Amino acid sequence: MDAIILQILNGLDKGSAYALIALGLTLIFGTLGVVNFAHGALFMIGAFCAVTLQRIFNISYETIDESRTDFLGNPMTVKTPYIEHWFGPEMGGAIIDWSVPLAILFSIPIMISIGFIMERGLIKHFYKRPHADQILVTFGLAIVLQEIIKYFYGANPIPTGAPEVFRGSFDFGVMLGFDPNAIIYPYWRLVYFAFAAVIIGGVFAFLQFTTFGMVVRAGMADRETVQLLGINIDKRFTIMFGIAAAVAGLAGVMYAPINSPNYHMGMDFLVLSFVVVVVGGMGSLPGAVLAGFLLGVLESFASMNEIKSILPGIDQIIIYLVAIIILLTRPRGLMGRKGVMED
Amino acid sequence: MGILEVKNVNKRFGGLQALGDVNLSVAENTVHAIIGPNGAGKSTLLNCLIGKLIPDTGSVMFQGQSVLGRKPYEINQMGISRVFQTPEIFGDLTVLENMMIPIFAKRDGVFRMHALESSHNENEIIDQAEAMLEDLNLQDQRHMHSASMSRGNKRRLEIGMCLAQTPKLLLLDEPTAGMARADTNNTIDLLKQIKDERDITIAIIEHDMHVVFSLAERITVLAQGSPLVEDTPENIKGHPKVREAYLGETAA
Amino acid sequence: MSKSNLTRRGLIKTSAIAGAGVALPTIFTASSAAAFTNEPTGGSVTLGFNVPQTGPYADEGADELRAYELAVEHLNGGGDGGMMNTFSSKALQGNGIMGKKVEYVTGDTQTKSDAARASAKSMIEKDGAIMITGGSSSGVAVAVQGLCQEAGVIFMAGLTHSNDTTGKDKKANGFRHFFNAYMSGAALAPVLQSLYGSDRKAYHLTADYTWGWTQEESIVASTESLGWETVNTVKTPLAATDFSSYIAPVLNSGADVLVLNHYGGNMVNSLTNAVQFGLRDKQVNGKNFEIVVPLYSRLMARGAGENVKGIHGSTNWHWSLTDDASKAFVKSFGEKYGFPPSQAAHTCYCQTLLYADAVTRAGSFNPCAVAEALEGFEFDGLGNGKTLYRAEDHQCFKDVLVVRGKENPTSEFDLLEVVEVTPAAQVTYPPDHPMFAGGELGACNPGA
Amino acid sequence: MLGLNKRDFSLLLIVAILALCAPFLLNPFPADSAMAQFNAGYPDLMQRFVIFGIFAIGFNILFGLTGYLSFGHAAFLGVGSYSAVWMFKLLSMNVIPAILLSVVVAGLFSLLIGFISLRRSGIYFSILTLAFAQMSFNLAYSVLTPITNGETGLQLTLDDPRILGVSRTEDGSIPVTNFFGLEMRDTYEMIVGPWSFQFNNGYYLCAVLMLLSFYIAIRIFRSPFGMMLRAIKSNNTRMTYTGLNARPYALAAFVISGMYAGLAGGLLASMDPLAGAERMQWTASGEVVLMTILGGAGTLIGPVLGAGFIKYFENIFSKINDSVLHSWFSFMPDGLENLLVTLVHPFVGKGWHLTLGLLFMLVVIFLPGGLVEGGQRIARLFRRKKPDDAKKSTQSTPAE
């Protein structure tokens, strides 16, 4: 029982990352009809926003400490971040410590601008082109983006820690009456889960309760009619693209402490999040979220020893296997609409 | 006994009774029109006839065989061809190729692996297709991509593709919807010509009364999912129930 | 019929000059002229540096390439000579290799065995490389080693840690300077015993592919001989990025040590996750819970940040060693590039020097002569103490370092500290050890 | 000729001439010149050009004709490679049984996957194929290691129980793949002045099979069957209401393209007897999609061009390092030389992915029909010039 609860927790956490990326993908696909292979790259750029902010906070002035030597035997250069110099070591240290949550604020304008530039500069010209062309051009863009990041940040992962207070874990099992150590869960993952829930809720509320959201939803259902009503839907769609980019970016920022960001993390997530989107049903926002959590939880279950001993290697293929079964039993995924991307 | 017999067909979508106890008999070698206001269930009925929908109860028999549960291509192989509201043709293929495909289908059945033969050497098929195009007055456009034809010509091509299979029953779903007057008249003329020259039964679903009364020999009026009356065009014209149904539509 | 198996260029260069201006096509049969593949005939000799330049190991690859460039510079008499000055063999004169200037070509393995072979083939077929070296994973090393055997050139393996490289997949033309999984186990075991006692329960997470398995096998064997119990060994998919669902059950399994048989990105993520789950703060069976990473890479350990602190593992070499050779290498590398070399860089530099030295001692570029010169070669002064290139399996036997993540690093490079230098004798195994059984070197192949 | 019309026959002839003269055409630069870096006429790369050409031709039969976008075709290539290597290990070093087996096994495997995946269309089909291929890759890398040798890739060893032939040659090495005694890796060297050209047995076997594949592809394109496949892409509704069952047609196309992939896989293994699991990864499947679209989907020659384009980049651009750059620009003043090297550096060597990504984008943005469209535009440019000139002269006459 405790093992199952544990894996559900893990699955929800994994699922929230899938769900956030899939949500953004579906927003773009549903509103603009564009299959965006560069979406994983946006997630990655989000994570690198956190890295960048951490680096900015760590910009240092150098002093030479004659008493110590560096690896070549020369006097050691000691670096002190300006921020510690200005705000004092304590306050400055705290700011550096909180760089990941602060990067949320930092990343939103960046991600929205990247989204605008992408949509206006490139994607816009591909609305009427075949899906294959859209895939190819956004895939090319994804490669370019990740190579640019690699050029500046290298290929190895870069540690980007959560604030001190959120490191470590707490004993969730004891609260539920299990033995100590049965269900241990890191604080930051709970933060991530809560954060994902807020973002997902926010996006749904935005679409549900604002006029802007209503128009966009109407546009998703029937673009031509909405345009006949004299509403400039294109402009709203551009904004939607910016929002989708921001959602992906925020997912990335908050993910940075879970796994150290590297330049190819977007590609690692891309294929899985596409599977998630399709399993949820192309164009369905609730489907994308549902499928994200479902696949996350199933993936966690499949990695349990009890299950692996019966089906060796099941954790390697579980997501794909589930995708196949769902697509064969529900032709348009869990909540897909008819006629979307079927030809 | 008609060539197409629809008996006690019911179809519900959730709470909506789309078809209620539909009985219909289409006699061989006649032109039978099905009319009715919007939402009367014409399209649902048509979809039941060609296997796209399966009714909740009742039977649809074509020449004594049930069509229910069969795949569209099987129904076509039984001798039923369908013309769609918006012309469904192979837009990326040339007009001649469009015409060759139904003739291949007639000769080779649902599937044949003729991967290493050359379609240029299929003289018999090409000849038949060219003859058909000549009948349709489309021979000048035979090397054009069919997507770039005018709407009227697309419709002619589609009807021609159906005829090329020499079907026993031709189903037409609002064949003149969205057409200019001239194209509509052309289509009417074409259908008249077909009716006169071929042994063929035509079932037509139509909104445009001009088309219906120029062609039909029998008319069934559907209203709210059920047949209201079935009679000859002359009798339908003055029928009070029909007026009521259509006026009701205008009022709504 | 020309039999120039994969051969090219060397001889052609001169023939081309002779044939210049002659309009008639001249068909050469390579075998009649060359004694072995890509025999260098001009004033230069070409080496092929095949490293990952794209993909997750690109930074390792870049560091290897730096080491190669440094080695070439030293061989050609440039720079400060680096470890050439401390190397026990004094055959190298700084005049290239046997008077031929050393040139090199580079390629991208993409850390895929296919791409690595394609790249190595292009070096051999197009650029006339006489020796191939590099790589940052065992799959690639084994695949390229097999190719070099067929083509008749020498392969000097880069970073490859699997037992198979000099075990069941060993080849007569292939040589490995780097240590292997068995040695990691043998070196770590005594240290672990003295640190954690002999009554421990270990839980293994293992990358689900060949290297992971051989490492798991080695560590399990050496820790069980200490009296440790292996609670469970769990395979994790290579593509996994989030290890939470593998790590979460560890605490409840009764184990008090977690062994992460992961490398590269897998290692960074699994270690980060394990620390996140608070494993290191826990007490199990009345003991502190411990994590062990048998194969450490400093470059990758950086990715795990503070999480490496206090965690033990083994490594082939570390820049903080204070012997003359290591100091000389760190100095010339550091002065050229501004940061200390990684263990990958070190092994690649050594391999290049060792090859050049063997050619010079053999007096020939012929792979068979070079192999003979390397087999059983004993040397010192390359940073690992006295070392033997064993003839039976072409594996180097030398001291192995046990390291620990440093608690108070003084710089971004200062992540690991050497805990113990395990002497070579302790990590030496007989050539017919069961973990290395199943393959044979075969005969040396000079190509042509 | 050969059942082809004049235009197709001349296309085949051109491709044949290009393929047979490739050793000359791909080595246009003298071996010692700085430009020799761009020479692609060495056996391994030439083999890859034609083998991936076969792969892309086959993929185009499915994607170009029916419009079904498979994201899992690399699985068939991988399966083909594994079958071929097993044939070398167990039966004989002759490439013919290996190639035959790889085509058959890939055909059966694609029949199975196609049968299931073709129950869905559009992106749902793509994801199904992707899922199958990723499952194959993940399993081949891990639990199927006894069959696939996992990470390292399946290789020949000195103690393979070869039924026809020896486990090891007299000098103690692994025997070489051959075509009835003709060794695949043998290469003729031809020296003309400063140029050198390599003629490799394996390449010519691949080239002949590529021409055969290309010929069959032309026949399929021009056959009634091909017409049916184009009809599926154009309008599936009309297809079924014309009494044709689209699924067996699509399945046949799927299996044919799977067999092409198997042939490519078998040839890869015949040229270099190693089968790595990465051949089945989604990136490899994506690569053939890119090749096809980049070259021009639905055109005959496009996929071959696309395959050549990508393989050229992968193998040539990735080898340009800083010292090569310096040697190119060494004639310039030092400052300028360094500046140019710094500017070019991010795009070559380890940056070759960046260049490839940029080129994808440029081609897709400006040449929606792929490289073939680029070629057509250039051709049109030349053709238009002449009539324009003629028009000008006629127009100018009355003005006089």
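A, B, C and D label the chains in the order they appear, each numbered from 1.
As a convention for this text, contacts are C-beta pairs under 8 Å (C-beta built on N, C-alpha and C of every residue); 3 or more make two chains touch, one makes a residue touch a chain.
Which protein is which chain? UniProt says B = Amino acid/amide ABC transporter ATP-binding protein 1, HAAT family; D = Amino acid/amide ABC transporter membrane protein 2, HAAT family.
What you see is a predicted model, and the numbers here were worked out from it, not measured in a lab.
A.B. asks: What chains touch chain A and also chain B?
C.D. replies: Shared contacts of chain A and chain B: D.
A.B. asks: Write down the chain pair with more C-beta contact pairs when A-C is set against C-D.
C.D. replies: Higher C-beta contact count between the two pairs: C-D.
A.B. asks: Compare the CA centroid of chain B with every other chain's and tell me the farthest one.
C.D. replies: C
A.B. asks: Please report how many Å separate the Cα centroid of chain A from that of chain D, as a whole number.
C.D. replies: Averaging C-alpha atoms per chain gives centres 35 Å apart.
A.B. asks: Just curious, how far off is chain D from chain C if you go by their C-alpha centres, in Å?
C.D. replies: Their C-alpha centroids are separated by 33 Å.
A.B. asks: Taking each chain's centre as the mean position of its Cα atoms, how many Å separate chain B from chain D?
C.D. replies: Computed from C-alpha means, the inter-chain centre distance equals 46 Å.
A.B. asks: Would you mind listing the residues of chain C that make contact with two or more other chains?
C.D. replies: Correct list: 58, 62, 208, 235, 237, 239.
A.B. asks: Touching at least two other chains at once: which residues of chain A meet that condition?
C.D. replies: In chain A, 313, 316 touch at least two other chains.
A.B. asks: Touching two or more other chains, which residues of chain B qualify?
C.D. replies: none
A.B. asks: Does the chain-touch network form a line, ring, star, complete graph or other?
C.D. replies: Shape = other; not a path, cycle, star or full graph.
A.B. asks: Which chains are in touch, pair by pair?
C.D. replies: Going through each pair of chains, those in contact are A-C, A-D, B-D, C-D.
A.B. asks: Okay, in this complex, where on chain A does chain C touch?
C.D. replies: 2-3, 6-7, 9-11, 13-14, 17, 68, 70-73, 76, 150, 154-161, 167-169, 179, 181-186, 188-189, 258-260, 262, 264-265, 268-269, 299-300, 303-305, 308, 313, 315-316
A.B. asks: Name, in rising order, each residue of chain D that touches chain B in their complex.
C.D. replies: Per the touch definition, chain D meets chain B at residues 3-5, 216, 219-220, 222-228, 230-231, 233-235, 237-245, 248-249, 252, 256.
A.B. asks: Under the touch definition given earlier, write down the residues of chain C that touch chain A in their complex.
C.D. replies: Result: residues 55-59, 62, 208, 232, 234-237, 239, 241-242, 244-246, 248-249, 251-252, 265, 268-269, 272-273, 276-278, 281-282, 284, 299-300, 302-307, 319-320, 330-331, 334-335, 339-340, 410-411, 413-414 of chain C touch chain A.
A.B. asks: Quick check on the complex: what are the chain D residues that touch chain A?
C.D. replies: 67, 69, 116, 119-124, 127-128, 130-132, 134-135, 138-139, 141-143, 236, 282, 286, 289-290, 293-294, 297, 346, 351, 353-354, 356-361, 364-365, 368
A.B. asks: Once bound in the complex, which stretches of chain B touch chain D?
C.D. replies: 50, 71-73, 76-77, 81-82, 84, 88-93, 97, 100-102, 104-106, 108-120, 122, 125, 158, 161, 165
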